[in-house]
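Take a look at the structure set out below.
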Amino acid sequence: QSPRYGGELVFPVPSEPPSYDGHREETFGLIHPIAPFYNTLLRVDPNDKSGTKPAPSLAESWSVSQDGKTYTFQLHRGVKFHDGSEMTSKDVKASYDKIIFPPPGVGSTRKGQYVVVESVEAPEPYTVVFRLKHPSGSFIASLLSPYNFIYKADILAKDPHWYETHIMGTGPFTFVEHVKGSHVVGKKNPNYWDKGKPYLDGFRAVFMRDTAAQVAAVRGERAQIQFRGFTPVARNDLEKALGNKITVQESPWDCILLVAINHKKKPFDDPRVRRALTLALDRYEGSKALSRIAIVKEVAGVQVPGTPFATPPDELAKLAGYWRDPEKSRAEARRLLKEAGVPEGFSFTFMNRGIPMPYEPLGVWMIDQWRKVGLNVTQRVIEPAAYFGSLRKGEHEVAMDFQCGYIVEPDLDMYKFLSSSRNPANYGYYEDPVLDQLYDKQSQATNPEERKKIIREFEKRVLDEQAHYLMTLQWHRIIPHSSRLHGWTITPSHYLNNTLDTVWLSP
Amino acid sequence: MTEALLEVHDLVKHFPVGGAMLARSATPVRAVDGVSFTIRRGETLGLVGESGCGKTTTGRCILQLERPTSGRILFEGLDLVTLGEEALRPVRRRVQVIFQDPYSSLNPRMTIGQILAEPLKVHGIVPDRQGRAARVRELLVQVGLLPQHAGRYPHQLSGGQRQRVGIARALAMEPALIVCDEPVSALDVSIQAQIINLLEDLQSRLGLTYLFIAHDLSVVRHISDRVAVMYLGRIVEIADRKTLYEAPVHPYTKALLSAVPIPDPRLEARRERTVLRGEVPSALKPPSGCVFHPRCPIAEARCAAEAPNLREIKSAHWGACHLA
Amino acid sequence: MALYILKRLLAMVPTLLGVAVLIFLLLRVIPGDVVEARYLTQGSQFQSQELMDLERKKLGLDQPLWKQFGSWMSGLGRLDFGLSMWTASPITEEIKLRFALSLQVAIMASTIATLLAIPLGILAAVKQDSWVDYAVRVFSIAGLATPSFWLGTLMILAMLIIFKWVPPMVFTPLWVNPWDNLAQLIWPALAVGYRYCAVGTRMMRSTMLEVLREDYIRTARAKGLWLKLILTRHALKNAILPVLTVISMEFAFLLGGLVVTEQVFNLNGLGMLFVEAISHRDYTLTQALVMLVATFFLIVNFVVDIAYAWLDPRIRYR
Amino acid sequence: MAAAPQTIEDLARAEARRPRWLAVILDFARQRPLGAVGAAIIVFMALLAAGAGLVAPYDPLANDYAAMLSAPSAAHWLGTDSFGRDLLSRVIFGSRTALMVGLGASLLGATIGSAIGVTSAYFAGRVDLLVQRVMDIFFAFPVIVLALAVVAILGTGAGNVILAIATPMVPRCARVVRSSALAIREMPYVDAARASGFGHARIILRHMLPNVMAPILIMATAFLGEAILLEASLSFLGLGVQEPTAAWGLMLRGAAVEFAESAPWMAIFPGLAISLAVFGFNLFGDSLRDALDPRLRTQ
Amino acid sequence: MATLLEVRNLKTSFLSAAGTVRAVDGVSWDVEAGETVALVGESGCGKSVSALSIMRLVAEPAGRIEGGEILYKGRDLLKLSEEEMRAVRGRDIAMIFQEPMTSLNPVLSIGRQLTEGLEIHMKMNPAQARARAIELLAMVGIPDPERRLAQYPHHFSGGMRQRMMIAMALACNPSLILADEPTTALDVTIQAQILELMRDLARRLGVAMLIITHNLGVVARYADRVNVMYAGRIIERARAGELYANPRHPYTLGLLRSVPRLDEPRRARLDPIEGQPPDLTRLPPGCSFAPRCTYRVERCTESAPPLAALGAEHCSACWEAQRLVRERAA
């Protein structure tokens, strides 16, 4: 089927962008309605379901020097900003300088992600060079970030905050309007550099907080898709109501709820107790049951199942809490608790975040599981905005934690577990130099097989031996969309693949 | 002459109208506008006048339920106006009150026994429980009720009985002065006489002093030793009973007396009436000069210009009229 | 009269000032701030204290409280609500459309409610203790007892499942497309209108009962007037005042208090904006919203007072 | 003397014939059938709450993944929820939460509110003016913000929900009580108490408060229903009681919409429970008002 | 003179929590054209209910007229339909109520309240009604009537409001006015003004009047004939002069004795009627005054005495009326 031109894509977005500056924000609420107005240097291949394959975008091609410290990018020629000016290496440099080396008084959210970069240079109008301090296996992945919009250098020079309140990019769509509390409209950029694209005449991102309303919009065929994901129940209802007018794409989702066990609180300083907590969870039954009602599914370790560095299921089943025999696992949990001197019916508070999906079902599930090994858990739910603030105060005993990435990459995914001295977002409040060493070792490992091995070791230490953190179930992304929508492939991240240049609508 | 128990000098009470923060500036209601009189120990002073002329307000000022705007109230030589709430407490025992409405003057949620025992307890008049119960019984008998009534609630009593309880409550404090604010106006004609007799009995037995406020001139004549007539916040005439009823000097007193209907058709048929013109003016804008002049049958030009003082027209007979 | 109005308007100032202080302090007591809400909630791997400090400084959150309050007040004095801390765009722009929506729902709901409540309440009062009365009372008490989010959900489902109809996705102002506009707002207006009507009916009934026992109604009957005339001319004018009060209070409440209904019906109104603003710790926006709703409340109050004066001559000249 | 003996006898007889509490209840039921229905609902609910452990067929917290989302059947009369928990048991246990929050909030709100109202009316003048202004501020303040703020500051959970619900009730209660208390303050028996030199506390507590009990009671009943509704709304918004506690609003949260099509029983029964409970309280409260408010007395 | 209104054996009762209140328990009386009749008795004895029964305005559903006849110009008012009765109210029989403060509608102008009756009963157009209203206000002595029409009751003092009530009652030229304690709420001097006014107008316009009061003095001055009520019954009836000179019922006697009088020298003590008025829900068998009566004999507690004629136009309901007369003469 060849792409068809025309039509307006309508999709609900569950939250509204705080500002328009991708360099600053970190939410799909910005990506979904704003990404179509911009391009990034590289992007994830829009047809790659694993969401890990780099593809050219503004950069046509790139090369890496022998020592792995210099990356050179050749830019596409004839790329025009929406104001008609040409995009050159100067703009790329300015944009990345803003991200990596923000001028004083201008903050950058992702500075920490690019510590390895020494400088960004623009030797020629169509060449950009990144110099690294040392080789990095994950550098290209970090350039795939969907947030790193390329802005115009002149504008940034005048006002580094201009892009917070204005939109002006090189993307396949141009900005028409944003009615606060209602919608964002974009229309086809006729001068788009990637000739022949986009297919759509325009798009309309409608802000709808309520999930049910989003589902209803798709069901009533007022919208063709929602890019974040629906619940399994909604999927079933939609399939039942719309039959073959609906197409469902599913994928493991690079987000997971973890449980932070505060090592500073007794008795959670005792690894036996922590192990008992993870042993108490029957993840396989949980997966079966919860995947019917919540956006979680796979039983996972520290890597998204099915991605290159993920632990195969059979090996995973050897870790504490991943045993196939739940009774044996629970018995061990009880034994450990007893050994650690935790009385039967011991009660503690589990702190959860006030977000219904999937925090609430997972909370209910875990509390029930813990009850089965004689732990009496009360749930304390904290309002979403205050949640991480209170985790940072470290007053919790056991708390839900959350991690979500735009790309599956061990460096990014495992950072969470580093000692709290290295990672302020470690809400288990532990120091584990062994673990930190393992992390650094895998990061610099050039041989994937070796890297895999170290990751396996890391995983065993963090989840089993020390049970510093425990993982619940991998999120599961379900996108039921109108069968009229084509040219869009699901990826494990809801931040990816939203430029909409490849998307088209059949009649 | 016996000593004065209560002396009221130039009592003034103005009420701000409106009440909202910003509306305070408006002219006040001049409820009581310079009232002076004396009550001697053991006597009854009747206070008559029409609705809204300030009788109740005068009584409430004496009781210190309202703080006067100015003036002095000497009770047993002590100026109540200067006393704070704490210092007043012992005085409050000595000045009691009986209200017009027997229905609302008793707390409906307390038994008669509780109502009567409460002051005994609070003021430590009778500290022990048994003693209080005995005293309550005694009080009930004193006002012509039965000891059993102690267990009743006010709504289980008739109006007359309630008024008796009101009297008993006043007596419980062993007061010297009782302000009776229209104590019989709300009662049935056939009950009024019972209560008046009771008040008189108690006075002679306990040596009480009454300020008896009423608008029924015949009742006032019956019970009072001296009578004061009020009009629009001022006393217009004050004299002993006999003089006032037989030889009133103020035209307003005369009109009042003639307005009282007498239950005898033959007499009524012959009686001359001074029917006053016009309405009672409002205390918000009292007329100039003599406040009575707009309705006065004998008013002269002077009356509109100049307010008459209360002067002793004959011995112990005071009147506030230029023409008396 | 003009003086009275002026005085009343002036009397709002201290109340508003109190509201301002209260919301200002309240927001600062709530844990977390806009910077945390922005940078700590997305589950990202990297956090930067430096960045957060920088942002706080930019927003003036590092200033002492009195200074922050002072600059807010001086802005308000110039009728300048400032910028939203969350989106950095002018607050007026953030509020505009949502206010229009909420106001319209409130107006529609109160119209429905008033039109139903007054006749029903009168009917019940006149036929006190008859089956009509019982029916009206059960109807109105049921209205108070039904959670509006439940009622709304049932309504939406009924439309979706039975009529296969979905309300429009976005709010279209009345003047742009009346049909779309009404199609979207009529349902929430009905869902809250029911409860609202119940409140009004109850009030109407009880004040009507009270008024019907007044002496002047007896006088009117003794004059030989027709019942209809007694009800409309003599009773209604007296009984309507408290009803007016509850109806207008409810109206003022609807403006900012429709959170649940807005959620159910997917309306981007002031209620949801409140929730969002608070959850983003968007101090400036929350403050502006509270001031807006409070001012509106006071104005409605004031209008009711004027209406009182208009209907009741005893209050008219003061 | 004055009180003739037959009057006393009369009274004694009247006392002997005074209706006992049962008679009072029957009387109320006869004169106000709607109120009686309301009272019956309340009593039923209270009994359910008290005996929840005995009546409920299942543990309300027990997840049963084999029985997830099953429709009403002999095993589960009202069906099960998405965790396979028995809905009937959860509805029964939910009455506990509802009653606890309802009673707690209305007691708290009514107590503080009436204390403020009576005191303000008693002292009148400046105190009253000040209190009124402060109340005005709370009135003008959007309720939802108050509730949100309380929850945001203190966190969720039954205790805080009670606080969040009671907070906006305080000024409303204070206003109503104040207006009744203003009338009571003008009563001669209050003057009599003042003239007897009683202390402020005694006058407020012994003489004024008992006499404004009627409006307080009426309001507390109305609040109770409202509190249950508010609790449900807050829970629905995720600001109320938290999982896995059995609470009606919580049961509707998400379920009402998400499973409305595939498992409608999940939304219907808790919704009905809320409506019925609030309905009961309002019916009763209304009739109570009719019975206690002399201005509305018919007979 | 022709009998204008005749009440025969009227019974009205109320259902209350405490039982049935026999507010009016078989009373009969009449009013002749142009005459002023008084109904006296103490609080709660059923005076107001008698008057309201005639207007058929007894508060329903608690109150009910249980029996009797009310013949107005020979027509039994109790048999009329509600609409027919409505036409009688205000047109043929008008009523003035006790509380001028609450009996006027606070939100309607004086003019409105005066003219509406005229428009309905006399079918006047607004201009005519207005002219008549001005005339009426002038008649009851309200100065500047034209300006007053636009005012509201709260602008009027108590006395003026009661005049306004009188004007409203007179509006449609009724032949009978029921005045239920028209002056009790007013000041002594105003009371005198109002009563004089009413008497003059009644004389001038030839309107018959029923004055209800508990003030024996008022009755003495203004009534032609007097009915004394006690506990829902009429216990004595006579021409005014006769009643005061020769009361034939111990209650009337007691009443006259118990009040202090300005025309007599001050007595040392008053002579009260001891005891309390009875509770209408639990009337003793026999004469309801018996428990308080000093003339009581055994018979009194057994059966109630009928209202029996004792002479020309003088009736009393007392078994011992003759003894009373004798003892008083002695």
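Note that the chains take the letters A, B, C, D and E in the order they are written out, and that residue 1 is the start of every chain.
As a working rule, contacts are C-beta pairs under 8 Å (C-beta built on N, C-alpha and C of every residue); 3 or more make two chains touch, one makes a residue touch a chain.
It should be emphasised that the depicted structure is a prediction, and the values quoted were computed from it without experimental measurement.
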Exercise for the section: Could you tell me which chains are in contact with chain A and with chain D alike? Expected result: C
Problem - Chain pair, A-C or C-E, that carries the greater number of C-beta contacts - result: A-C
Problem - For chain C paired with chain E, centre-to-centre distance based on mean C-alpha positions, whole Å - result: 53
Handout entry: Rounded Å distance, chain D centre to chain E centre (Cα mean)
Key = 49
Handout entry: For chain C paired with chain D, centre-to-centre distance based on mean C-alpha positions, whole Å
Key = 23
Practice task
Note the residues in chain B that touch 2 or more other chains, in rising order.
Solution key: 21, 158, 160-161, 194
Handout entry: chain D residues counted as touching two or more neighbouring chains
Key = 2-3, 7, 152, 257, 261, 298
Practice task
Pull out every residue in chain A that's touching 2 or more other chains.
Solution key: 210, 212, 383, 385-386
Problem - List of chain D residues in touch with chain C within their complex - result: 33-34, 133-134, 136-137, 139-145, 148-149, 152-153, 225, 229, 232-233, 236-237, 249, 252, 256-257, 260-261, 267, 271, 274-279, 282-283, 286, 289, 295-296, 298
Practice task
Using the touch rule from the top, collect the residues of chain B that touch chain E in their complex.
Solution key: 50-51, 158, 160-161, 188-194, 196-197, 200, 215, 217-219, 221-222, 241, 245, 255-269, 273, 275-276, 279-280
Exercise for the section: Could you pull out which chain C residues touch chain D in their complex? Expected result: 14-16, 18-19, 22-23, 26-27, 29-31, 128-129, 134, 137-138, 141-142, 144-147, 149-150, 153-154, 156-157, 161, 202, 206, 209-210, 213, 253, 256-257, 259-260, 263-264, 271, 274-275, 278, 286, 289-290, 293-294, 297-298
Exercise for the section: Mind listing the chain A positions that touch chain D in their complex? Expected result: 210-212, 231, 233-234, 236-237, 285, 288-289, 292-293, 352, 354-357, 360-361, 363-365, 367-368, 371, 379-383, 385-386
Practice task
Going by the contact rule at the top, pick out the chain D residues touching chain A in the complex.
Solution key: 61-63, 65, 68-69, 82-84, 151-152, 155-157, 238-239, 242-244, 253-254, 257-259, 261-262
